[in-house]
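Both of the next two complexes hold chain A, though its partner changes from chain B to chain C.
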Partner chain A sequence: MIGASLSRWTMSYFAAAIVALITALGLMTAGYGYPHAPVDAPPTLIIVHLVAIGWLSLLMCGALFQFVPVLIARPLANEQLPLPALICLLLGLFSLLCGFLWLDGGIDTTLPFFPMAATLLGLGFALVVWGLAHTLLTGRPLPLSARFVAVALAGVALTATLGIIFALVRGGIVAEPHLVDLTVAGVPIHAIAGLGGWLTFAAMGVSYRLLAMFMLAPELDRRGSRLALHLGSCALALAIIGGAVAICLEWSRNLMLLAAGLPGLAALAFYGRDMLHLYRARKRRIIELNARMATFAFASLGLAVMLVIALLALGRLQEQVAAVVFLVAFGWLSGLGLGKLYKIVAFLTWLECYGPVLGKKPTPRVQDLVIEKRAQKWFYLYFIAVWLGTAALLWGRPLVFQTMTLAMLVATLGIVVQLVRIRRLADVKVDDRFPADTRRPALLHAAVQGI
Partner chain B sequence: MTVEETDELVHKVREALRLVIDPELGDNIIELGLVYYVGVQEGGVASIVMTTTTRGCPATNYLKNGARDGAWAVPGIEFVDVSLTYEPQWTPQMMTPEARTRLGIA
Partner chain C sequence: MTTTFVDLDVRPLLSAGEEPFGKIMETVSALGEGEGLRLLATFKPIPLFSVLGSKGFSYEAREIGGGDWEVLFTPAGTAQPEETPAPLPASKDEEWPQPARHMDNRELDPPEPMVRILAAVEEMNPGEVLSALLCREPIFLLPELAKRGHRWQGAFEPDGTTYRLLVRIEAKEA
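Moving on to the complex of A and B:
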């Protein structure tokens, strides 16, 4: 088979991810976690993991199960893995959140939450990495975008390994001094591995291909693109492996992270130049909402980089790191994710409903499933709220921050309503909606039929 | 079959393929230039050589099956063979000028 087919469980990953995002935004709006609690307090850790694992990782896993086959033009190697992986990840996340609640005194039982979380999340991510890496191996030599995803899989494996170590130490299972040191001082490395190595690298890889595909731009594999990959990989190796070794050998962790920052910065500069080139070289003059909103996500990434440089120069990075993490997680990763979700849900829903009758009956276009004008205002509100929320964190205004997370929650709900309408085909003209032999797609999973 | 009859069937098959749209671009595969060759041999055997806008597109199998079903619906066509190729790779320049204008493509 040349090409890829519909991933049955991608919609389920997306649905679970959206529930996690809405829950996290609801908690932040209610004043739970940072800035009302310290950065390392259990309530903050609950929100951080709801966002990082529940929202961003599930979103990325669901997207990769669908799009890794597209990147390499090969089918998914193990189609039976996504569902057990999803179940393990959800149960593991639930155990982890219970563990943090237990640390906070919110749960009064003696269940081994952290070891359970370590086992289930470890197993879930191992299944994801195995399934995707196995698929990538069938597509060698890998195109550039797939090589970014391969590095991202190494990133998630390292993030999960560090997370498992932290969970076992916190759960009292492990007391080896080096691992205890790593748990105490390794949180920034865990965050860099997760947000940078796993999520940002995967987003970079997917964006190289999807933006070119959706805007009819030439696919890039030039010297600068390869430099972005190699310098970025070098930065991650220095930050994650170098950082962990530095902690264990009692060298300077921060010096190692600073050394990683230079190639990291260069990688992002090359990547930014490539994205700009994709937009300039596109054949589609009028671009869709997802590509327009991606520019706001790229702007957020650029702002985050400038913010890190400015805070480093002012010597205030440590105290303001939460604002940077917020901008990266919600402006860059979530902004790009929500924009692409709007496109991908419409595309996959079209394939599922109308693909089997192609050639037999007249079918609507993917664009007929969406009303971009209606969705656009929610995206604008979302990005403005993220940027003002970042400013509120920087200037220490918790109430303004809560108001902005409320605006983000409202915007997210607005976007989710549009996604449900797409899935229900509610915006397709009634006469064109269900040609004979088609059926309404289920909301939470895809029925793979007729291919 | 005479040459005229063959040409007539080829024309009908090409017309039938207009029912198959590329979901992303929203125009039919003939106007988009995704169909490289249509031939009809003795016994109503149709051969279609086509491509997709991008290699690995998730719609690939649907487009291929859609072309097969569309051609099969033509009276006189008894068997359809659809093959995919990426040589040459599709470019927007392969679209008809009308389709390019319709889709706002430079």
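Moving on to the complex of A and C:
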């Protein structure tokens, strides 16, 4: 078959991801974790993994199960994988969080939380990577956007491998000296692999295609776009593989990371130029909320890059790294994610509900499912709070930071209410809502009709 | 020495959304000494030219109407055919009439092209063909057309930016 259909469990991934985001923001607002605890303390690690695995990774996995088939015009190779993968990832995340609580003295029982987390998360991510990579293999030669996703899958595999090593060492299962060294010194590499190799690369790939599609802009596959891919891959190989080797052989890890920084910076510059070109070359003059909000996410990525350069120049990157990670995770990745969710949920809900009767009955348009004005204020609040929150971290103002995470929590809840209204078709006129032969989509999964 | 051609019509495979590459390579490897391949496809199969070129075949492609192409792959060392064989008599099932309706949906925001094509498809009569121009492959439309029992052919035009879709309306479900 050529073409793509609805992914049954994408909404379930999105729902689980949103619950994780709200929990993480709630904990940060309550003063849990950094800056009240050190960066590497268990409470901070709980928040970091709630955000990185619970929110961002589940969001990205759900999106990729739907959009990899769109990128290559081929159906998912194995429709049965997404649900067991989701269950493994959720149970694995829960075990991991319990493991950190146990380290912190919050849990007395001595269940093997870290080995359980390593097994379940390893299995969950392996299912995701296997399912998506197998699908990509059917679509060769791959278009540019899909090649970014292929690199992202390598990124998540490396991130998970490092994570599993850390968990087994922390859990006392493994005591091999090189792996212990890696656990002690490899945290920055694990973070770069996750936020850069996995999440940023996947976001770049999806943004090339989705922005072009929704703004009627040309598909880009020019020299600069390929350079972004190749330089970015080179940076990741240096940082992750080079970094790990450097630690094991007792070379300078930081020198390796600096060497990776140059191609990484060039890759982001080429990517930024392409995104600017997509906006300028678009045929659709008035763009939707998701594309407008994506510009704030791109601005956050640009700000994060400038912040890294400035902190490096001042020699203060090490002490301020939390602010950079916060801006990348919440401004760039979460900002883009929330903006795209607003579009994707509307589009998929519309397709699920009205697709089968299109042309046969009058149906609402996708735009009839959303009221952008209502959502817009929450997005503005969200981005302003992220930027001020980053500033509060830089200037060491924990109370201001907590106020900003509260504002982010309120904004996120505001956006989630809009997403639920979209999924329930609550903003479509009652008389037009369900033409004959249509029914309300379920909130948490999609009904997939056989062909 | 005149080349004899083995015929292979991959149009039904393409219309069914299947990948014809395996079938083509299977046929090519079964060719006897001095035999060529006459391929019928719903688009100009440019990638094949280099694949079969590396196996020593030269090609001659021509459009035979309705967006279909006939390509003659001739093994090296044999003379080109003096006259092009007549196109295969298409069976009744494969005859696609000239399009009864044309649409240019290239400037429309997604998913409007899909909405308009499905609306037109519902208005048309069985046996009629709809031709539509799009600015990208209509990923979500194709399964929906198949689900409704209609047949389609589609490919990017040589410019690489316009996707031309033909839909043949089949009898409506009762």
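Methods note: the second predicted complex is superposed on the first by the 449 of 451 C-alpha atoms of A that agree within 3 Å, B and C clash if a C-alpha of one lies under 4 Å from a C-alpha of the other, contacts with A are read in each partner's own complex, and residues count from 1 in each chain.
In this text, a contact is a pair of C-beta atoms (placed from the backbone, for glycine too) under 8 Å apart; a residue touches a chain by one contact, two chains touch by 3 or more.
The model shown is predicted, which means the values in this text are computed figures rather than measured ones.
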Looking at the combined model built on chain A, do chain B and chain C fit side by side or clash?
clash
Which of the two partners, first being chain B and second being chain C, lies in contact with A:Q66: first, second, both, or neither?
first
Touching A:F347 in the superposition: chain B (first), chain C (second), both, neither?
both
Answer with first, second, both or neither: which of chain B and chain C does A:M213 touch in the superposed model?
both
Once the two complexes are aligned on chain A, which partner has more residues of chain A within touching range, chain B or chain C?
B
Those residues of chain A which chain B touches in one complex and chain C touches in the other:
1-5, 69-70, 73, 213-214, 216, 283-284, 347, 350-351, 355-356, 358-360, 363, 365-366, 451
Within their complex, state which residues of chain B touch chain A.
16-17, 19-21, 23-24, 26, 52-63, 65-71, 73, 84, 86, 92, 103-106
Under the definition above, what is the set of chain A residues touching chain B in their complex?
1-6, 66, 69-74, 213-214, 216, 283-286, 347-348, 350-351, 354-356, 358-363, 365-368, 450-451
Which bits of chain A are touching chain C when the two form their complex?
1-5, 69-70, 73, 213-214, 216, 218-219, 283-284, 347, 350-351, 355-356, 358-360, 363, 365-366, 449, 451
Any idea which chain C residues touch chain A in the complex?
17, 107, 109-111, 114-115, 117-123, 135-144, 146-147, 161
